[in-house]
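There are structures below to look over.
In what comes next, chain A is part of two complexes: it sits with chain B in the first one and with chain C in the second one.
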Partner chain A sequence: MNTTTLAPAILPASPAPIEIRELSFSYGVKEVLHRVSLVVEAGSVYALLGRNGAGKSSLIRCLLGHQPAASGRARLLGMDSWSERARALARIGVVPEEPDAPPHLDCAALEAFCADLYPSWDSTAVRRRLARFGVPLTTAFGELSKGQKSQALLALALGHSPELLILDDPTLGLDAVARRAVFDELIGELGERGTTVLFASHDMEGIERIADRVGILAAGRLFVDEPLEELRQRFRRINGSATLEPSDLEVLAPLLPQGVRTLAWGREIVVTQFDDREFAPLAARLDLAARAMSLEEIFVVLVGEDAA
Partner chain B sequence: MAASLHIDSSSPQPIWSQIEEGLRRLVTSGSMAAGQAVPSVRDLARDLQINPATVSKAYQRLTDAGVLVVRRGEGTFVAAEPPALPQGERQRVLGSGADRYAGLALSLGASRREAVEHLQERWADLLDERKENR
Partner chain C sequence: MKTVAALVRKEIAGRWALLLAAFALGCVPFLLPLLPGPQSTAPAELREASLWTIAAIGSALLAMLLGADLMSRELAERRMGFYFSRPISAGALWTGKLVAAYLVLVAGTTLLILPVLLVDWRHIALGEELRPIVAGVFAGLLLALLAASAIAVLVRARSAWLALDGLAIALTIAISVNTTRRLLAGGALESATLGLVVLGAVAICALFAAHRAALDLGRTDLRAVRRALALRLWALLLPTAAGFAAFGLWVLSPSPQDLAAIWNAHPAPSGPWMEVDGPLRGRFGLAGSFLWQSENDRYFRVHAAGQQSNPNPIVFSGNGKVAAWLESEGGSFTVWTLDLTTAGTAEQAPVKTTASYSARPRAIALSPSGRNLAANVADRWILEDLGGGRILASATASEFVTGVRWQSDDRVRIFSLSGFDDPVVTAAIWDLAPGVRSAAADVHVELHSHPVLKASPDGTHALLHDASGWSLLDVATGARVATFSSRNGAPDPGIPSRQPAFLPDGGLITSREENGQRHLARFDANGGLLRDYDLGAARSVWAGGMTNAHTLLLSLVDSRSSDAEGVFSSRLVSLDLDSGEMRQLGRNTGFPWYGESWTEALQGDAARWCISARGQLLYLDPTAGFVRRLGPPDS
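== the complex of A and B ==
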């Protein structure tokens, strides 16, 4: 008997660009990250949100191997971010929160310096990006504006065509024009090369349009980790022309009311499991209206109560 | 063209679906003629400041529906003919559109007459727009 078995092609499953498992980190007795797990899939944009001090920067520092985790692990492109740091970083672009480069070097010198470090460096592309941003090549880094510094570092971070880009709030403190330029460049990068991006940010408006998935950190815990679209689908503000009574909350129970806010013009309920089929009959009976919420509004509802 | 495509990121409708609907509308109204090139995924993503994957998803759905055609190496274009759907599929698509509109009208407490009047009015508007564009 002569049979041929067609073995299924065995493709090496490529690891997710970022994989963080049960990662904890402490400064002395103060735990700043508590068993954080998240995965960033290839070609996706993951937005990491949180108030100042929530642990975003600590998480990024652990991820980049600047500090070892107390427990758990982080992997970059399948490599351990602490023990295999150097090998991993060669394939990653990083834009830090504080634009940091030798202040006396100009961009031409910085570009030449980086070119020596990476075999795959593309000088033409870097200079083109700097020109698009309008960052002068011959001004010392220390003399550039905050926006230009961020833009210069983004141009340099993309110089070796990294598979993964890690951005720690690069648009913080930038004006609208500089912010837009940064997003334009990122969108171009996503379109041309499908780079995977982890983006820690406070810029909800910009993030909302490009993120695929959102993680929200508060007090060192990642308590939201879901696709942006799902998050936006399940949150609604519900208002009524008549004043909503506490008993109405029971009626809305299946939609999981998050709380009632008394406003000058009545009351408002935020629900976290909105479902139009449940809501439509209630809306007609109680004269209610549901309004979609922006990512910023959702964020404030989710973490706002920790403010105190 | 991007000027007449509006994205509202605070709308409950996903952005890809807003693009899909917006383009469909531009094609139906004749604002975009048969055979006309649509912007590349990259250009549209940059204009609207959104993730190119989102634009891609909308284009893919419109291509599957026969509204757009991809010519390899050239780009994406408005299909020459309005997509001819098989009879059963056509009934299903019309029906589900009608469902959504009827459901919306009912949830707003509109009367049947009111709903039909709005439909007729928009129907006439769209036909007018199409004539102007031809």
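== the complex of A and C ==
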């Protein structure tokens, strides 16, 4: 009996679903994005944070090929996002910040339209999602509530089982119930299929539940780009039973303190490079306590009014 | 393709209301007969009359609405991202949207006319000739749709460059309208049509390509789309409009050398100038009429009115120094003159005279000095002083004019026939001069059949023909001074060459056939026989001018029928009237002037011009023979 031995195939490494290199963008003379670079690995959820006007939507528009970058490049699933936009988007789902579907079409018509665009469209799944969201099929899109519009667009974005999901603050302006429904759906999608997600949002609480990595934009620059867990590990609030003095900053210098904040109940110092081994002797000597911070607290520290 | 089809379906889905509105508007003609007021028109006619107005207005409105909504609205409302966030290329998006809007527009236009068409189809003419009109309408609708879309994008972007866009639109329209108007005024209907078709086609292609490129480059950004659209649109349309203007200039500025063939040539009685006309080479059916001087190729193009229907559109003064012609202007016909001493030079200045008529004159004639003009307008003869702008004389005359001969600068003799509907036709010869219709030469002769009246070159004699034959009339006395027997020239009205004709010196010739030989008889001014010439075998003979006092040009036609190209085989010969010697000069070549009654017989250099069967204008050089001067080159 002849047997064939198959040589192990050497497969090229799959490109990262999102790869942005040195991307800059301007509105006229005003530079909105300055040499932004980031990579979203397959299967991860990347939270893109920033204050209003930080450049999140501009970055996503460049990434989706809606507008050309002044310099640098953006690639989606290994394809150039400007010149190969249409091809790349066949494998990507997008939910915009502002619901932009034709207002005169109802969800059934929108679903039918999208079904013609994607070979792997699953009408049953879309209609099931819409039903779960409570979005009526026969109401014109323009007559739906803001929450229903976002939910409808999310259902449409997931209709072709995308490899990559790009969400531009879809929960902005939604009430708590609608927000929760969106995140629940996302969690379900992630759990079932491990879809890669880029999620620009102001909803820190919601995104903290699903994000693997966080990027923070401010004034057009990406100055944080790291795993959420590491970010949470290195940020701590330091409180002491005794009143903390500015001179204590020198003691905490190895932990990169941000400054002393005076609160109603006392003072606290936020450190940005927390290390348990460094902190333990100090905590004992100065009677200090370290408290973990939420993503929202970290974000406020980094880009808030007091941020340096 | 599937994407485009999906887009088309989606776009049409939102526009049913427009189609219903179009159908409702199409039913409006049924309501018109119900309106109160006098109804002198039958309901079906009223419906048909209102149908096309409603269809034109309705489809234009529909085109504007759909065009304005094509992509500018979604761009302005920031909803274009819906498409660009999906696997839809800019080309597919644009094509799908345009096809859908155009289908709705065509369906809407059809619905506008359908109700009346279904009811009154028997009354409404829908022949084959409607096809190009229908094609033009559908192309026009597409153009309107695209133009409305472009304007909507430019306006909705609220760019600071909008004023420049407006200027470019105005410039494109102004150039196109002005060029079309000039082409139509110059009689270049085919060129104007062709130019407009090309301009329209280029405009449609430019608008389509510019929109597509704008959507590809600007995508969801209205201002970027506007910028890309405007740059491409004006880069394509302005040069095209300029090209159309250049084409118009080229079409309307031909030279005599551009004449593909010569239809007519009319040398001035004296001087070097002549009028030539014919079809122009490569100018899409346009014909040209020129005042031309062969010696130095100086020329002046005349925009004569009705040059193909009027056999003699340009007239010369007897001294050959002034030319006059008619130009139509807003329904009236105005006489223009040109001083031929300046023609073809930088100083030339055609003069629009005060002589203007509401109806096309049947004839105009310049006095020997070119100062006065006689015109036959409707049932009236008018004698005008062109320099002073005064009417010198006017007389009612409804006769058929056969000849005009100037007796002096302010006295013109009219030769005419009247009463063609009566058993007896009257030949009338009378003078028009300041004062009243002159009786000095008021001759009336009754002619009973085959009436013909010819004027001698100086107008002192006339040739008359009726059932009794030909006779020579002394105009001053009204007496018949000679008759021509069948021996001297058997009357045969069907063959003009057999008719007696005046020679430039006032003498007469007749021809006849004897024993298979063609004979020519020459008479003096009073009808006395001078000599008989044997021309040899010839079917018929045509007399030309006299190149000198004793040389007459003749065209001898040999064949009974024409060849495939309509040419009768003929020989052109010179006849020495003193010696009777005949010399062949060429074949299938004829004399260029026409209207032998109108035009005085030519002599000297003016008699040396001929036209070949191929449409070449030939000059009979005393030493070199025929030399081509205009028309198609020798093969």
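Definition applied: the second predicted complex is superposed on the first by the 296 of 308 C-alpha atoms of A that agree within 3 Å, B and C clash if a C-alpha of one lies under 4 Å from a C-alpha of the other, contacts with A are read in each partner's own complex, and residues count from 1 in each chain.
FYI, a contact is a pair of C-beta atoms (placed from the backbone, for glycine too) under 8 Å apart; a residue touches a chain by one contact, two chains touch by 3 or more.
Please read these numbers as outputs of a predicted model, since none were measured by experiment.
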(request) Check the residue A:145 against both partner chains and state whether it touches chain B (first), chain C (second), both, or neither. (result) neither
(message) Looking at A:118 after the superposition, I want to know if it touches chain B, chain C, both of them or none. Which is it: first, second, both, neither?
(response) second
(request) Have a look at where A:83 lands relative to chain B and chain C in the superposition and call it first, second, both or neither. (result) neither
(message) Just checking: does A:102 make contact with chain B only, chain C only, both, or neither of them? Give me first, second, both or neither.
(response) second
(request) Using the superposition on chain A described above, determine whether A:37 touches chain B (first), chain C (second), both, or neither. (result) neither
(request) Could you tell me if A:14 is touching chain B, chain C, both of them or neither one (first, second, both, neither)? (result) neither
(request) Share the list of chain A residues that count as touching for chain B in one structure and for chain C in the other. (result) none
(message) Per the contact definition, I'd like the list of chain B residues that touch chain A in the complex.
(response) 7, 9-12, 14-15, 41-42, 45-46, 48-53, 103, 106-107, 109
(request) Over in the complex, which chain A residues touch chain C? Could you list them? (result) 61, 64-68, 85-87, 89-90, 94, 96, 98, 100-105, 109, 113-114, 116-118
(request) Provide the residue numbers of chain C that touch chain A in the complex, in ascending order. (result) 2-3, 5-6, 9-10, 13-14, 74, 78-82, 84-89, 92, 217, 219-221, 224
(message) Using the touch definition from the top, list the residues of chain A that touch chain B in their complex.
(response) 43-45, 180, 183-184, 187-188, 190-192, 205-206, 208-212, 229, 232-233, 236, 280, 283-284, 292-295
